[in-house]
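Labels run A, B, C and D following the written order; every chain starts at residue 1.
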Amino acid sequence: MEILKFQGWSFSEIFHVNEADANLALLPRDIKAEDAVMLSDMVTTGFHGAELANIKLGDTVCVIGIGPVGLMSVAGANHLGAGRIFAVGSRKHCCDIAMEYGATDIINYKNGDIVEQILKATDGKGVDKVVIAGGDVHTFAQAVKMIKPGSDIGNVNYLGEGDNIDIPRSEWGVGMGHKHIHGGLTPGGRVRMEKLASLISTGKLDTSKLITHRFEGLEKVEDALMLMKNKPADLIKPVVRIHYDDEDTLH
Amino acid sequence: MEILKFQGWSFSEIFHVNEADANLALLPRDIKAEDAVMLSDMVTTGFHGAELANIKLGDTVCVIGIGPVGLMSVAGANHLGAGRIFAVGSRKHCCDIAMEYGATDIINYKNGDIVEQILKATDGKGVDKVVIAGGDVHTFAQAVKMIKPGSDIGNVNYLGEGDNIDIPRSEWGVGMGHKHIHGGLTPGGRVRMEKLASLISTGKLDTSKLITHRFEGLEKVEDALMLMKNKPADLIKPVVRIHYDDEDTLH
Amino acid sequence: MEILKFQGWSFSEIFHVNEADANLALLPRDIKAEDAVMLSDMVTTGFHGAELANIKLGDTVCVIGIGPVGLMSVAGANHLGAGRIFAVGSRKHCCDIAMEYGATDIINYKNGDIVEQILKATDGKGVDKVVIAGGDVHTFAQAVKMIKPGSDIGNVNYLGEGDNIDIPRSEWGVGMGHKHIHGGLTPGGRVRMEKLASLISTGKLDTSKLITHRFEGLEKVEDALMLMKNKPADLIKPVVRIHYDDEDTLH
Amino acid sequence: MEILKFQGWSFSEIFHVNEADANLALLPRDIKAEDAVMLSDMVTTGFHGAELANIKLGDTVCVIGIGPVGLMSVAGANHLGAGRIFAVGSRKHCCDIAMEYGATDIINYKNGDIVEQILKATDGKGVDKVVIAGGDVHTFAQAVKMIKPGSDIGNVNYLGEGDNIDIPRSEWGVGMGHKHIHGGLTPGGRVRMEKLASLISTGKLDTSKLITHRFEGLEKVEDALMLMKNKPADLIKPVVRIHYDDEDTLH
């Protein structure tokens, strides 16, 4: 029997979901549960960053932040037709994976100001679109400074601190530069999940690259959470697999 | 003989225009030259603010600033299908004209914080869209605070001073509120002018309401500019009419 | 007490609506019930025709068919910023009301081929957009012939008969004319109804012009339906008002 | 010295191009001239089919016709985020290349009705989007029959014969199915070419797969044209390389 893939995952074995037809999608048999669990959070959020940045065929894109969401923004930018993709990060493993997901250039912020690095790499032209998937309230100023007029900045990063996001007046074209600023939460739902799942089924997206640590059993949730808190250099995302008596329901 | 309406107006009797087919539009005989002169600056800019704010049928809109551009943003919002339109201003003449162009409510910033006034008038819900056609770098914070999630802010105001535009982190939904921020220069060109001109020809837009002072002769340009500098309470826009020997060319 | 306005109206006094939050909207106290009943069918459908036709500021538009839905397409085109609006019809009362809703020209198909009339009236250029709110499967060929390249045709007419809609190959630009063809059912729901209702509340849309015949009591539904079947020349739309014991619930 | 890549190619050694800034793009040094020549016709046209079909992340797409333009529609659909891609064709070489460009399923019209094959392969659901890059005026009826409601059909095929394109009334949702029909000529220009070229430079698009026959010298144009007329089974696209005295201008 097939089981259902849930839009939201929780730390329990049984839970209630409203509006099943709108919010539950069948997990295709050819997708592993641990790969699928990336769809309802990392993939849809990261891809939404690329959608918010309004990426078009051949755009030069900068993705700032390449944790698991940012890596999916790189993949999303690539799936939406981006040409050159700058990925801003520093951890080697994440940079390597970013290149596998479609990045063409790595910008390491430890090597100097990222705006200067981007402008130098683009002969002073800057990029067409920016996806913000990391950083803080000050990251937007960098995005505005590295992007061309007539462009879009898409943010999916949760901004936890700071009073204001500062948009530099002059580089924002004194209000007239058509540098559009977007920030949003990803859409969810059954249809969205089915569509994203098809990218895995067809072999066009491999979410297993995001999984660096695997745990077995509900009781390991705490270990996994501690791992996410401590952030070892080789971590992208841990997965906890919960066992069921009727194991074949998980195919 | 018909003459041409120029996309950009200049303070001279003869000037050169590149790409005539793209940049010059025939002035329809039924439009007065002084009304038409509003098209290539006030109308297209103000309307573009409404376009940038992505106004849809029945939206509740706030237009901040009701000088000549802002008044055209009110008219533009109305032409794009807005329902309730709050116009933020204080000068009586501008407020009266705003109501004639489609505003349904006047918000006078001299009566208190405009965000509080808007929230009170909308039962705490806020507005669907904001057009910024006046104010300064601090106006964006007000816009973000008065607008619902899933919304658009369109700016056409030239921001002449200040280092940064401050976007309040919390009210911007911690980066996830889908409050899109746009700022741009109006598109121009022949087709745009022809389309906007048709709104005058069909009687759907009356730009003569913008003209509060009329001058005759090129030598009066200085008087008109001084008027714009001194900004008397009853001023919206002055027009200087230049005389030609072959007067019927100006029909 | 306020009562609810229902998205769909039915011929009964009590009925069940799923998903109340999504499908029921409060009827504002300043809107009469008989005016509001137009919102959930005529207004939203007619306006959707204008939305499907992708009407932009200053567009020249042709609305084919000016029964109650088509009249709302005329109004919708006007609310979306159309300049010149050709309304195609023949009944005097409908033509008069079309002019009140924003039409600038009436095209009577009894006076000859409507394509020729439109081309003549536009100096051979044709129109920017067409809304189809009447006619049959052959109406699309007329729309394609009267529209410019780079344009949109929006249909909201139910096509009850005929095997095929014929799109003329040559006039459709041999497949390359960017004459986009859309046909759809209107969106509904609470938010849509609230937004359209605001157009009535603000005095920007007067649906009472659509109501030509009024009946009192549920038992008059049959009379009203017969009227719609017989279509007298002065009919646009009949309304049947149902009485409630607690009359003030209908304010 | 770098030379210029021309938007339109002609059968002569010298020719005039208007508006150089808008119409000429620099050929990046890392792109071979024969690969680049595909950009200004096959790539931009095929990709535009995918753009017209409004392809979104995870869409199931059918591309009808997989000659050189159709193959680029397959690639374009893939670059825009399609999941499952059905490619309709019969010649083995083209089918093989289609799979390399992102197709996941081949539909051979010699094996029966393509609509039935598509519906069977999708459990009766049909596809989200259709790109028409081959066939004739009757192909649109197939597209309408195989596509879901709420969808887009994008045509880039030149329709050389037939009076009408027949859209089946019933399967088109009696005018209300939101099955949008688009047909257009590709946009061109410098920016477009630069963006598409970046897909080659970054290794994300390999146009050399389209080139099955190579000729040397302007005098071979006739041979190449005869090849295109005779269409051998292994032909996708021939290229004629013209020699210049100053050979290094072609890097």
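What we mean here is this: a residue touches a chain if its C-beta (ideal position, glycine included) is under 8 Å from a C-beta of that chain, and two chains touch if they have at least 3 such contacts.
Being a predicted model, the structure only gives us computed values, none of them experimental.
Trainee: Centre to centre, using CA atoms, which chain is the farthest one from chain A?
Mentor: So the chain farthest away from chain A turns out to be C.
Trainee: For chain C and chain D, let me know how many angstrom lie between their CA-based centres, rounded off.
Mentor: The separation of the two C-alpha centroids amounts to 39 Å.
Trainee: Would you mind pulling out the distance in Å between where the CA atoms of chain B average out and where those of chain D do?
Mentor: Their C-alpha centroids are separated by 43 Å.
Trainee: Find the geometric centre of each of chain B and chain C from their Cα atoms only, then give the gap between the two centres in Å, rounded to an integer.
Mentor: 31
Trainee: Can you pull out the residues of chain C that are in contact with at least two other chains?
Mentor: Where chain C is concerned, no single residue meets two or more other chains.
Trainee: Chain pairs that touch, all of them, please.
Mentor: Those chain pairs satisfying the definition are A-B, A-D, B-C, C-D.
Trainee: Would you tell me which residues of chain C are touching chain B in their complex?
Mentor: 47, 51, 56-60, 76, 78-81, 83-85, 102, 104, 192, 194-199, 201-202, 204
Trainee: For a test of understanding, state which residues of chain B touch chain A in their complex under the given definition.
Mentor: Those residues of chain B that touch chain A are 132, 137, 140-141, 155-169, 172-185.
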